[in-house]
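Across the two complexes that follow, subunit A remains constant while its partner is subunit B and subsequently subunit C.
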Partner chain A sequence: MSGDHHPSAWGPHDWRHGAPHNSWSPFILSLGVAIFLFTLAGAFKFGEFQGWGSVPLIFVGLGVIGFSLLVWWRQDMSFGVDGEVFEPKSAGAPFQNIDIRKVAMWMFLMSEMMVFTSLFSTYMRYRFGIPNCQTVFESGEWVEGTSVTCFEPAGHLIASSWFHIAPGAINTFALIISSFTIVQALRYAKKKDMDEDVRRRKVTRYLGTTWLLAILFLTLKMIEWFVGFPLPEFLHEFNHGDSSIKSLYAEGYLINADSYQHHAYDTHYIEAHPDDYSIPEDSALYAMMQAGTHPGGHMMANIQVSATTFYVTTGTHGAHVLGGIVGLTYMTLKAARGGYTPDNAVSIEYFGLYWHFVDLVWVLVFPFFYLY
Partner chain B sequence: MAHYKIMGQDPYWMNFYGLMILTLIEVLAVGADLVPLADSLGTEEKVVTLWILTIIAIPKFIMIAAIFMHLYGDEDSAILTMTALFPAFFILIMVLFVGLTHPDAASSLPDWCRPGNYGL
Partner chain C sequence: MPTRSWLQSWLCITEVKRLVTKRSKAAIFTLVIVAAMLALPSAQSLPGGISGVQQSGCNCHGAVPSESVSASIEGLPESYNYSEVYELTVSFQGGPSQEGNINQGGFHLWASEGALSVNDATAQVYNENEVGHTDAGNDQVSWSVTWTAPATDKNVDFVLHVNSVNGNADGAGGGTSGDMWNKVVITLGGPIEVLEAANPFVVLGVLIIVSASLLAITLAYVFYRKDPEAFEWDNFAPWLADWLTSTDHKKIGTLYFVAGLFFLGVGGIMAMIIRIQLAVPGNDFLTQEQYNQFFTLHGTTMIFLAAMPMINGFANWMIPLQLGAADLALPRINAMSFWLQPFAALLIFTGVFSGHGADTGWTGYAPYVVSEGAHYGTTMWAAGQIMLVASSTLTGINFLTTMAVMRAPGMGWMQMPLFSWSILVANVMLFLSIPAFGVGLIQVYLDRVVGTAFYDIAAGGDPLLWSHLFWYFGHPEVYVVIVPSFGIISEVIATSSRRSVFGYRSMVYALAGIGIVAFIVYGHHMFTSGMSPTLRFVTMLTTMLVAVPTGIKIFNWLMTMHGGSLVYRTHTLWALGFLVTFTLGGISGMFFPSIAMDTHLHESYFVVAHFHYVLVGGTVFGFFAGIYYWWPKATGKMLSEKLGVLHFLTAFVSYNALFWPMHRLGVWGMTRRHHTYFVTTEEALGSLPMEAAGWNMFITVSGFLFFFSNFIMVFNMIVSSVRGEDAPDDPWGGWSFEWMTTSPPPAHTLYRLDDGSWGLPTLKDANEHIANEPGLLSSWFQRLMVSDDEIEEASH
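So, the complex of A and B:
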């Protein structure tokens, strides 16, 4: 680095003098995220909006986040100077000669890994620490009209039929396909012996497909959470005669559900629908009902913890998909203008690392939150 | 990009096919009637399902990380794999404490992880 060059922590930076070692943006970003999350959490209590008092601070948080991104942007916008692209390499061990941006992306992914690990360990802790609702129901240790605290896995609702599982299953395939399409975009962006127009079309097509699949993912998630979907008449008989698949919201699977009821925990419904449900003959509830010591009825459950772990984990993953959509929108538009060449294709690679990580997390979220 | 092939084919396509097949097996495993298998193993259907899902999730995880994220086959793959595995230590600690703070931890842990073993 030349002696008279003093890189600014606010950007822009002249990359011909090497990589800047200082930036305020991580600190400002952390502050912004803290303000945003703290005030957003304070705006709701058990799902109830607590008034407009904290809303201005939510926007202050978003503003601080936006400002930090602006600072970051000012530093990185100068990445390519006068048509030249500077890809600084790490100088010290253990990442010697590896692109600094690549190392940074992996560091970021490590921190992301810790975020999801804490969410997974929370889920495991509660899943194994709180009695399962099915177990509580079969134990007979409940009385109709009084709520019992138990863990109701979302998988009990979602994996109950092929129709319920459909959005999550399609999403799983969508994310895997999108991981593949982003790799294909990188492949064509990096390819040297290729006509520029063909490259532009192929990279745009693959990035655009990834974007569409990400949109599909969030759309199906919204359908699964809030909307549900109707079934054609010939499929009603495969859905207990019901004409639609209810959303989790409509099923009452909510973070404030302290009196949740499901027909799988209703002895009268089970007696009327023996093909759908049954009370195991070796269960305590069966024995008690046979002996006349349990009147049966509809068990009511407090499932706030199970619903919260489900929504927070899958919601955090969904927020990552949303972040990916923002990035993909920019990248697809850039690709459409012919913005990617073998010289700067690594940007797709680094975004791809993030996107594959989102897919990786889903590889674990889907079986353990949706199927099990 | 990858400088190798899988069974003589493009690694990304092969990885893609493999992931799709594993995911299909995953979904089918949940829909399948595993009660007879669970009975023969002397356990619950849910436990068998959990094992199948876990066993399938591991290769899927490795396939995405190794091939799509280039943790295999590139010059810098080794050090980046070490970097990616670094949080594994903390993950193990977390999982350990999830187990230790289980309500039944004091009374229901198997013999091999209770005092009196390993000379303790």
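So, the complex of A and C:
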């Protein structure tokens, strides 16, 4: 603890002095992550709930992580307090005069790209390596009562009706708009010839809008996954006559679905509702049905891998949105206190880079998992 | 019972030694007197029994025992079973006793352990371990008693005294005169499997706890030495807190080193336990289950908890110094990268402490890794490695940013020291490959915890997907751990040769070439997995390509020495040793791209020999060179050259003796990851020739020598810290920026500039003056960049 310009490992720093500073945050954050991973594995084993014993500890872990983030932010609070900002610039080629932290953010996004590349590789391996459920169904090579392993894209369910796809579609626009609002926040924060109070309100409003859109995104996702929503009566006829849109959970599209059934894979239903679902006339199953020798009514499918890739990929993206929400909460509060001036507006830009990336990933996730 | 008798004889030897070395004759004399007094007649023999008998003797019916009387106990086993009941028959022959006399004899039996009891009225119990005859039993020469063996392993002594009586109970002839007595002592051992085999996990746990305690004591001692006056908790707590919270690259570098060396020791202990198991064929020191956990954790520990932290230790210390920067670009992120590692290590080892450590191999192949058959510790093994992946990603961001933006003014890419270059290349590789591993681990963790079905075969999961994700990371990873050693060796050889490195540009391109080729060769780990023959062929060619940049580096090092004049310092010796062993490892590596060879040698000890030759002979030797090279800079103290040379000689010789015979074993067909092997004179599938047993013992002995020889370095470090001589700023005559600051450098690094002042340097302060023209690629890239200053000006 030599020197007098890093008085506390908990409190605000005067960053103009540069490194080294002391911080408890890394130590506590690591501890929190370890507790979380350890206790989560204590609560569930192979998808089976092991009792409530370690559930409180999961929240302890999350609490420790949250606490360490608060420490982290508290140390940053002094940023630009005296109107002076410690924002080191790059010295050497090729990034001369670029902010160091901006370079770091780009580096971070590089590794994030690899994360999603790996997830998409997994998806493609299974999507193209496992026979599609529709193909298997139409081939007629299945027996009622035994489960076939096949790939059932979530898009098959979701894209089957305009209402089912609505949450995803709204989400897409929500994210794209939020990418616009974060840029607006940066624009006003950077504007020099502007009244302090007007700037404060504008930046807060735009950051707040971004925050709300992110919350909307996750809410709609939860509705789509777990809740579902009812439809007004005049729309029932456009929804196969159903009065509501069922959640993916209610549809049985689950990671442990080893005997998944859906009326699209039910010959009786197809015979009864020829307008809703039809099978191509040149398919083997069609010929069987004509001849009355088809293998049975329901085809049961093991779709665990399909559900796994869907939930984990979109879930990883959702986790990134959640991370953005945590960051935006801090930024909005800081903006409301007038924390952003043209001098330190760049930190909105760093967040914006991340947020655009999350938006961009969704633009890939949406067609791959919702439309196709 | 080899363990037991070994232990016993050892105890015996120390006992004798203790007595012999005890010079005090008076004590021995006293002992003799006491023994003599104990042996003095002290018992009266009466018809009712023999009293006052001691183990040391009894006069009973005469001053001296009579040889004509022989006592015996029948019914004793050679070694007893726990708590079993034995029927003993005590009898004697000879002496004046005659058939038909009223009084014929008596006995007294004493057992040091267990319980004695009697069966009839001819004998009586004095206490639990003492029985004798009764009045009624006075007319017999044999008695029957019962002995219950003890429940634990003990050595039992039986002392039997017998009287042979001439029958003159009336007192004629002097009462007991004419009677004769004798005694017999019988010692009995416990069952054969008396000592339970030591549980290797207990051994490991104890050793880890002992090393951790030593670490804590060292910590306290280091603090004590700082200021003996201020050695109290009120001062210690803030000192410790400073280490836990510091974001200073030098302190974090030191922490990385402490962690890295600690786990190098832990991994070494595990290797030694593995070698004990393999020392002789058919050994059962480790069960198969335990062996699986040991080799898994040995691999994981050595790669992720020993090699990687030590690389980060070197990089943390030296990169800012070599670039002429004040610190890394993101100091707090740097602290974050470090602190993730100890907690990750805790998670990885939780399985061990519960006896259910990961048993999947460090590669953790699916589908076993997600099966319920795999030990439960596998979940924590995956969780810990997820944290390590996060740590490596943050490290990558930090170092790439630092090297991209914080080089001293004037230092272009092509003026960066080769060690910095090697860290740059290593981090690019790590950074681009490790997310795939991280995603794979998250998939495994989710499969094992949440119950997703990424690698569930029944649901259509593909185990090869894991292999692809793993080896896409895994192959660059092995280059990540060797490339920094290339950098260290380049620095050491250039400095020791007293010249700049030969072919600097080709060295940089070779490093970059390795970095690129690393991503297109990983298929050679999967030759036997049934991948497409076309891909196998492509991978074979690309793998052979690796030899080109590596060869360029080797020849450049040789040319550097050829053109220079070599100083044989300890670090130079290690660098030369590296050249030999790494080249050998590289040559054995060239067997594997060939598909036919690979299929034959796959999963054999040849593979073990190869990767230990590159990972120990390459990476670790490079680390040793780096430690001897930079220790004076980091601590300000010189290491002992004598101890260093001794360390090199013993370690280099024992290292080669340890790993070279493994090639032979591999060609003979000894498989890796099997907990035992068998030798036979016949040519049978899956068996090894008789010589293999001898070679394995040789390897084990060499392994222990290598293990212990490295403690010479630890000792050297301690001696240097305690009373090493102060190091000058530039002890070896190095040229890069780190030698321009003091030893050790202050917290805020300051360099001695050309004009004699102190500050942050520019390239012109370095001894080499090269114009900083951005190269073709760099200037093209720079044109794409709009500097933040320009944006700001435009917005005004």
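Observations on the model:
Here, the second predicted complex is superposed on the first by the 286 of 372 C-alpha atoms of A that agree within 3 Å, B and C clash if a C-alpha of one lies under 4 Å from a C-alpha of the other, contacts with A are read in each partner's own complex, and residues count from 1 in each chain.
As a working rule, contacts are C-beta pairs under 8 Å (C-beta built on N, C-alpha and C of every residue); 3 or more make two chains touch, one makes a residue touch a chain.
Source: prediction; values computed, not measured.
Looking at the superposition, the partner that touches the larger set of subunit A residues, subunit B or subunit C, turns out to be C. Legend: residue contacts after superposition of the two complexes on their common chain; A:255 is shown touching subunit C, with no touch to subunit B.
In the superposed pair of complexes, A:194 makes contact with neither subunit B nor subunit C. Once the two complexes are laid over each other on the shared chain, residue contacts for A:364 go to subunit B alone; subunit C is not touched.
In the superposition on chain A, contact is made by A:95 with both subunit B and subunit C. When both complexes are overlaid on chain A, the residue A:169 reaches subunit B alone and has no touch with subunit C.
Using the contact criterion defined above for the overlaid structures, shared-chain residue A:180 touches subunit B, although it does not reach subunit C.
Look at A:149: by the touch rule set out above, it reaches subunit C but stays clear of subunit B.
Of the two partner chains placed by the overlay, subunit B and subunit C both lie in contact with A:129. Judged by the touch definition given at the top, the superposed model places A:115 against subunit C, while subunit B stays out of reach. In the superposition on the C-alpha atoms of chain A, the part of subunit A touched by subunit B in one complex and by subunit C in the other spans residues 94-95, 98, 102-103, 107, 110, 114, 117-118, 121, 125, 129, 190.
By the touch criterion given at the top, residues 94-95, 98, 102-103, 106-107, 109-110, 113-114, 117-118, 121, 124-125, 128-129, 159, 162, 165, 169, 172-173, 176-177, 179-180, 183-184, 186-187, 190, 349, 352-353, 356-357, 359-360, 363-364, 366-368, 371-372 of subunit A touch subunit B in their complex. Across the interface of their complex, subunit A is touched by residues 1, 12, 15-16, 19-20, 23, 26-27, 30-31, 46, 49-50, 53-54, 56-57, 60-61, 64-65, 68-70, 76, 79-80, 82-84, 86-87, 90-91, 94-95, 97-98, 101-103 of subunit B.
In the complex of the two chains, the subunit C residues touching subunit A come out as 238-239, 241-242, 244-249, 251, 326-333, 335-336, 338-340, 342-344, 346-347, 350, 372, 376, 379-380, 383-384, 386-387, 390, 393, 396-398, 400-401, 404-409, 411-413, 431-436, 438-440, 442-443, 445-454, 456, 458-462, 465, 468-469, 747-748, 772, 774, 778-779, 781-782, 785, 787-790, 795-796.
Every residue of subunit A that touches subunit C in the complex is listed here, in rising order: 1-3, 9, 18-27, 29-31, 33-34, 37-38, 40-41, 44-48, 72, 88-104, 107-108, 110-112, 114-115, 117-119, 121-122, 125-126, 129-130, 149-151, 190, 192, 255-256, 258, 302-305, 307-309, 311-312, 346.
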